[in-house]
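Below is one structure; the comments refer to it alone.
Chain IDs A, B, C, D, E, F and G follow the sequence of writing; residue 1 opens each chain.
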Amino acid sequence: MADAVFLALSVLTIGSAIAALEMRSLIYGSIALMGSLGGVAGFFFLLDAPFVALFQLAVYVGSIAVLILFTVMLVRRELIFKKIEDRRRKMAGIGLLLVFLVSVGALIMSSGIQQMDSDSPPIDFREIGEDFLVYYWPALVVMALILSGAVTGALVLARREVESGTN
Amino acid sequence: MSTQLPPGLQLEKVDERIMTLNVGPQHPGSGHMRIIVQIDGDYIVACDPDPGYVHRGEEKMAEYRNYITNIPHLERPVIHDSCNILYPYVLGAEELLGIEVPERAKYVRVIAAELNRCVYTLYWLAIYGIFLGHSTMFMWPTGDRELFIDLLEKLTGARVTHAYFIPGGVRNDMPANFEDVCLRQVGYFEKRIAEYADVFYDNPILISRTADTGILSRNDAIRLGTTGSVLRASGVDYDVRKKEPYDVYDSMDFETNILKAGDAYARSKVPWLDMMESCRIIRDALSKMPKSGSVRTKLKPNPKGGDTSVYKRVESGRGALGCHIVSRKKPEPYRVKLSVGSFRNLIAMPYLLKGEKLGNMPSVYWSLNYWPVEADR
Amino acid sequence: MSVIAPTFRLSYFLRSILDNVFWIIVLVTLVGIPAIQIVLFYIEMPVIDGELLTPFLALTWLADPSRAVPIIKALMYTDFFRIAVFPGFGLAALLAAGTIFVERKMLAKLQLRVGPFYCGKVEGILQLMGDGLKLISKEIIIPAKADKPIFWLAPVAFVGTAAAFVSLIPVAPGWVVADVDLGVLAVFAVIGFFPIVTILSAWSANSKFPFIGGIRALHQMISFEIPLILSLLGVVMLAGTMSLTGIVESQDFFPWIVFLPVGAIVFFICILAELERIPFDLPEAESEIVAGWLTEFSGMMYGLVQLGTYLKLYAFAALFTVMFLGGWSGPMLWPPFPEEIITDGIQLGPVTATIPGLPILDQAMLNGVLWFLLKTVAVIFFILLPRGVFPRIRIDMLLSLGWYKLIGLSFINIFIALALLYAGVLGPGGMI
Amino acid sequence: MALIEFVLVSVALLGIGIYGLAVKRNAIRMLFAVEIIINAANLNLVAFSRYVDDSGGQTLALFSIAIAAAEVAVGLALVVVAYRMYKDVDIANFRSLRG
Amino acid sequence: MGTATGIIKALNSGVKHLARKRFTLRYPEQKLKFVGDGYRYDPVTGVGVAGLKGRHMLFHDHCTGCQLCSIACEGVAEAIAMVKVPESHKHNKKSIMPQIDYGKCVFCGLCVDACPFYALYMSNDYELSSFTKEGLIYTPAQLQVKPHVSQDAEIQITDRGATHG
Amino acid sequence: MNATPLVILGVLGVAGVILPVLDVARRERFTQAYAAVALGALFISIGYVGYQFVSGMVQPGAIFSTDVLADDAFGGLFAIAMLIVAVFSVTGSISYMRDQKYPAVYYSLILLSAIGMVLVAYSTDLVMLFVAWELMSIPTYVLAGFMKRNPISNEAALKYFLFGAMSSAIIVYGISMVYGLTGTTNISEVIVALTTLDASMMPLAILAIGLFVAGFGFKMGLVPFHMWLPDTYEGAPQPITALLAAATKKAGFAATIRIVVMGMAALHLDWTLALGIIAVMTMTIGNVAAIMQKNLSRMLAYSSIGHAGYILIGLAVAPHSAAGLQGSLYHVLNHAVMKGAAFIAISGVVVALAVTHLDKIRGLGRRMPITALGLTVSLLALAGVPPLNGFWSKLMLFGAALESGSFVWWGPWLAIAAVLNSALSLAYYGWIMRKMYFEGEDAKRVKEPKSVIAVMIFSLLFMVGLGVYPDPVIQFVEMATPTFLLP
Amino acid sequence: MDPLIPTTQPFLEKFPDVTIISDDADRPAILVPKEQILDAAIFAKEMGFDHAESVSGVDYPDENEIEVVYHLGSYTNDAMAKCVLALATRAPREDAPRPGQDSTRLPTLREVFYSVEFHEREIFEMLGVYFEGHPDNRRLLLPEDWADLPPMRKDFAIKGR
């Protein structure tokens, strides 16, 4: 059962990751990206990390995907469907991808990671909270600064100026 | 705008981010007209009202019919206020034809006109409620309007198109015990209308929604030549019933409601206050009315007017309503021109809506006490 | 004479009956029997009198009603039952249908009118069915330049999301479709899907009014999600758990609304906004933008969206009950089963049915469901009531309400919760 | 399932992301590719965290999810500004800079 | 706190109205009661008698076929046409009487005002719909029939609100 | 004990968060006031770091604590360098931002970015490092595109953003690998675990280190990963370019020294040749490409690629020569001031004359004498002309390379390549000077922005003063240099 | 203003060409030649008439002229509240009108009385009188594809009459 779920999830994740990049319409690409992110969340469930999985769903699907969709929808309709393709470049990219996958795959397969296995109990999310507050608390503060900086910066950038005379 | 092309034909350069919305004519928020709204985000940058969806042509038709048969036609533009819209025409025709009106008829006219003002204002208020998303405020006034429609039906025999006023008086006398029924229903309505305040006029959401939107200052109200509740909400003390009393309004006991704010809330509140005054007028007229007497001077068939023109004004539900009749010694008037409050207030719409939010469009638009069909005549 | 009805011919009539019979037989053999077998295969069949229950035996319940009890029990403990009938979709849909009817009648009463009246003889009780039939029979019109797959998918996805939300709600002890350990977080994750569905459907219709409505809905949902989440944090802190069941169990003695009224009010207002109900129904403000993001939907697609909306309404009301009103907890009201029915059986005319399995649904569970439903219905009433008395508000008022006032209030709520927690009054290890 | 399977999926996602960054010239799609790489890393982190039995990996995954959100916000703001200027989202067509 | 008071006031008003009687007149089952038997006109005094302006009633024994009603209608709706009637009256030499097309009539009652012989009145009947255009044209013979109407509902104003019952 | 980074975090963070709030709260905008607040916070931070050094509270070298941050001299050196650049950047922006919108957000983003850079140098935990890295990067994406009406600025920002996002994604991936191998994220524990790593895991460890090099290399502008750099430096507002070139780059070096070098040492890898090759390639390509540029910003951008190569020499020869890392750190400090001064000078030129093209700055020596003087001196220092500070750090680096010749055969060649490159760079620096002083006689003097003059004077004092008397800085650098003793 | 003095008297003093149609205290009416209408309107505004209530046009085919009547009222002056001044002027009429292009033209009063804007648009489409200087001389009420005579002219006959 778990293996089947794993298989389905990997097909979903990888397939929709490819689709996100290759679909003609950007909207569909965004939806496929959502699928890919959801698939990763599914993996998290399989890995007994429901907290991360739900966080992934809430943040990625709840805000990032909305943000992407919103931006894409602001773009003119014909542009959404425009797709410039440099064929040679794409072939080279696919070649690079294959080389990369084969080499890194071989590297990983040959490494000792294959033997790693675990039957320890899953991590309780309370441990994560403890980590956050005890060990990583400066990082948490920095995280808050990142978010505030990103939000103010993005607002300033995306804000439309009041047209003054010239334009 | 370039100057080479004849006016009205320029191609406007449209910014890509400005969206043009055709609000109407078949749109829940427009009435029988079209408002071409250009929005930038949520803000209206330009608004072009386009009445003229109904095309009644009553003014033209009036040139072909005699003074009496014009009556069922001229009330068509505002069937909810049919007594009032006939009123200036009837007054003008009486002057042109040289007819005296019996005393009792004047009182009956005042009662009918005030009842009809309530009918109109309640209907207007109902639409205002539904424009603001307040469905209860749609249902209550439409229900209470039924009281007045019943009264008018007892009085005139028709529910909306009364054709009741006629040069020389009114068509028929009051039915028996009309006075009692009228007092009872008006008394009920006065209690009822106070309840509107709970859910509507004192509702903080409504106040925050309409207050300080679409502000028409006193000077602008005068400059734009607005009239009726729009004018009085901007702080101008002008009511034709007070300033130039016709029939027996000079002996009636009522106040003119004047609010200073000039925003959509004040504009929507003045008609509501006016309805209370209407109730007072009805009670007053019923008590002062001569108990008997004729209500109609008999006309000779096909009367001819003089070679002159008259301009008569009354105060209708939507403001001053003028009628300019040019007569050339014929049974038909040579030219009838209705100067209606809606058309005069229409000019304020592009003025007020510019720079407002799209969400304010229905409230500001309908607070102008505007009836699209009347503007179309 | 009317030309609509064709002239009657006996041969056509008989032929159509034969046709129908033929197709019924074909469908039953091809679909029905395998379906029954699959169902039987999946449901673990109980053993009765030392004999495995076969379909034949199952059919003999007519003779002995007590034989039906194990089947019902077996059915009730399947996942299918949970998802489709009791704590899941069936109950929610029933409540949603009831909500629609009650809303219409109540609004009509408030507005001094009658409401649905003729359909179903008694005060229009079948009006909803009639509306459903009407919607089904209507043509589905899709705008010519719409993005068709998304346009088709959006209503379905909307209902699906709403159903997923419903599945997280615990109705009675142990009666929940998906008992997630991190229930509150799961709720947030599910709520996050609504704006996506909305904006996708709005965009796919390729029309101006839906797009404006969709963007408004997006603004509204996103900006009210934040106070919604924050207002629940107080409860989570005091309860010390994120599981919805755990939160209900923590309210055995008193509901959290006693201590966190601010949070409850904020949460309630956010519910109204998330549900796009008056006074926050500006995505559907008909006087400005026709029907908002629903403008282009027609027929059953619109019906599906309505169904999803009311499922969502039920789910939010139930969430309010769970978080603040104590869910199923309440004094025992349900009468115990009379002993003699269990011992002596029920007299059904000549047959006496002894039902050894009774009570199937124990008293505590029924009592819990009763309390839960009572509270939920009360919450639904308060969700419906503002529709009668408030006008719609404007988008800038909405945003300032969401971003300034409600977030501030929910922080106040969190501080109250923290104070209670650290004062040792409440919470895990507290005095109470 | 062994750890290696998760790592392989993650590597595949990484490869796809790098491919996307290398081939695509549409700013939004490049953003997609970045998101895919970050997700690959998160998957790796959570998988390792499960198998070495330590909560640090999940913590870092949470951090990285939140940071990705901030990054996307800024990136999309830049894309919107660019779109307003060029009416295009294809960075191959942004040619104000040479080289 | 004004906001909170206002909101509570509004909610309270809403809940209070749940106990009010409903206003609706359930039309086909109930019909509103009207004043009198319909609109009449007295040519002697020149004043009408109040009543509903519904479907006309033609009194054949009064109609002289003078066409005044038709002339009056010409400026308004052109709904009245003079048609031959089979029976003959001595006061109606031409044997013509009004035939009214209710597809055009606006129920203004000017024809009643125009009739100097008490021949044309209006009645309380207002349910005139028909499936065909021809069904809307009422011949003098149809106009002669006195309609049967049962209209008895009236507004009752009680402590729990106004209601039509 | 990690007081210093936390104090910096507190001071700058509070200032950075308060500035936009102030902006929202008040109606009128006083650019100078915001800049003053930012400068005040920066000076307090520098003062605190300096005080810690003077009072001897700081542990020398790089230490590895079990906490996420460490208070050591290594971080302190970087902190001082980056904060000085941030001060330059803020000061240079005062005239630049005069007519722009949202000055408060601008300064607050500079402060936030400065926090990130400082914390990168101080952090001893991979998670902290990553988070600080992002805090450094994300505000600079916004800052690079801050001129919204300017397509060049926006495009630069977009490019920078895409590469930066990719680099941080790659870094997370590398961290995930390392975490998988060692089961911890604390650098000291990571290094301990790496030294005892199972042989079967070695390929993955190499992969992880490679990912780190790639990820940090993007920020440092090492040669295979340098494509975005000239575009961004040209397009971004010049004060921000100063921040990017002089500070964020250095944060990359700090992270590299903390992780890569230590990690490689722990893995017993012989990485030095690879780094040496990268160093030679980086400096050669940077300097050669710089010759061909016609735009001042672009030329300096390539020159800063070249300087990344010089700094990398120190890393490459670190195990063989004690002076290697010292030289690197010294050059980091010097380069921060030199490059910062050069870019601020260009921003002054942009504000006063609105040109950056090489042909348009004819007669700058007469038009803007102080700016031109500052630019000249900083260019000379970059080239390594003797009495200036750049000379000493380069000398130390080249000396280290020569010194390592006794262990590795390619050490002297490295030195030779570096010297040749320095000579090459002098050529195009001289070209700029020629344009400024020997062409365009008819130029009149224009008003120079005061803030730029202030920066120029400070950097002149720094460069000349420390060029004449470099001893205290050399001591300081020696104190800050990490030793290869594993914890 | 003293209500006892007839409103028309100052006009007669200022513009000798005006014809006084009516000297009624409440409804004075004067006819002004079209060259002087703008000055007369400004003068009326100085007298206290601050808004135009109505603008009506009358077609006189037998005199080959079209009369445009401005009914001016006053909100600010309480003594004049009853008074409505009819300020009439006449434009030449053409038998084959081409609205906007023929000689049927009048100067607009919009600069004086802002409120005449829509009324003048209505007169333009209903009678074909082009108001020179009007900022927005477009169709208002008639359908966009109206290609017939201006409908309020006398020679536009209603079908069947």
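Assume contacts are C-beta pairs under 8 Å (C-beta built on N, C-alpha and C of every residue); 3 or more make two chains touch, one makes a residue touch a chain.
The structure presented is a predicted model; accordingly, all values stated were derived computationally and were not measured.
Counting only chains that touch, the fewest steps needed to get from chain E to chain F is 3. Distance from chain F peaks, on a Cα-centroid basis, for E.
Chain centres were defined as the mean of their Cα atoms; on that basis the chain farthest from chain C turns out to be G. Contact counts per chain pair peak at A-D. The geometric centre of chain D is 71 Å away from that of chain G, both derived from CA atoms. Rounded to a whole number, the gap between the C-alpha centres of chain A and chain B is 61 angstrom. Computed from the mean C-alpha positions, the centre of chain C lies at a distance of 51 Å from the centre of chain E.
Remark: chain E and chain G have CA centroids separated by 43 Å (rounded to whole angstrom). Each of residues 127, 131, 134, 138, 141-142, 145, 148, 180 in chain F touches at least two other chains. Contact of a single residue of chain A with at least two other chains is seen at positions 51, 55, 63, 76, 104, 108, 113, 136, 139, 143, 146, 149-150, 153-154, 157, 160. Of all residues in chain D, those touching 2 or more other chains are 7, 14, 17, 31, 33, 42, 47, 49, 51-52, 54, 56, 59, 63, 67, 70-71, 74, 77-79, 81, 87, listed in ascending order.
Across the complex, chain E is touched by residues 65-66, 68-73, 136, 143, 146-147, 150, 153-158, 161, 163, 171-175, 178, 184-185, 188, 192, 195, 198-199, 202-205, 207, 294-299 of chain B. By the touch criterion given at the top, residues 1-9, 11-20, 22-26, 28-29, 31-33, 35-36, 39, 42-43, 46-47, 49-56, 58-59, 61-63, 65-74, 76-81, 83-84, 87-90, 92 of chain D touch chain A in their complex.
Residue ranges on chain E touching chain B, taken from their complex, read 2-3, 6-7, 9-10, 12-14, 23-25, 32, 34-36, 38-39, 41, 45-53, 72, 74-77, 106-110, 113, 122, 155, 157, 162. Those residues of chain D whose C-beta lies close enough to touch chain F in the complex are 7, 10, 14, 17, 21, 27, 30-31, 33-34, 37-38, 40-42, 44-45, 47-49, 51-52, 54, 56-57, 59-60, 63-64, 67, 70-71, 74-75, 77-79, 81-82, 85-86, 91, 94, 96-97, 99.
Residues of chain F touching chain D in their complex: 126-127, 130-131, 134, 138, 141-142, 145, 148, 151-152, 154-159, 161-162, 165-166, 168-170, 172-173, 175-177, 179-180, 183-185, 230-231, 234-235, 298.
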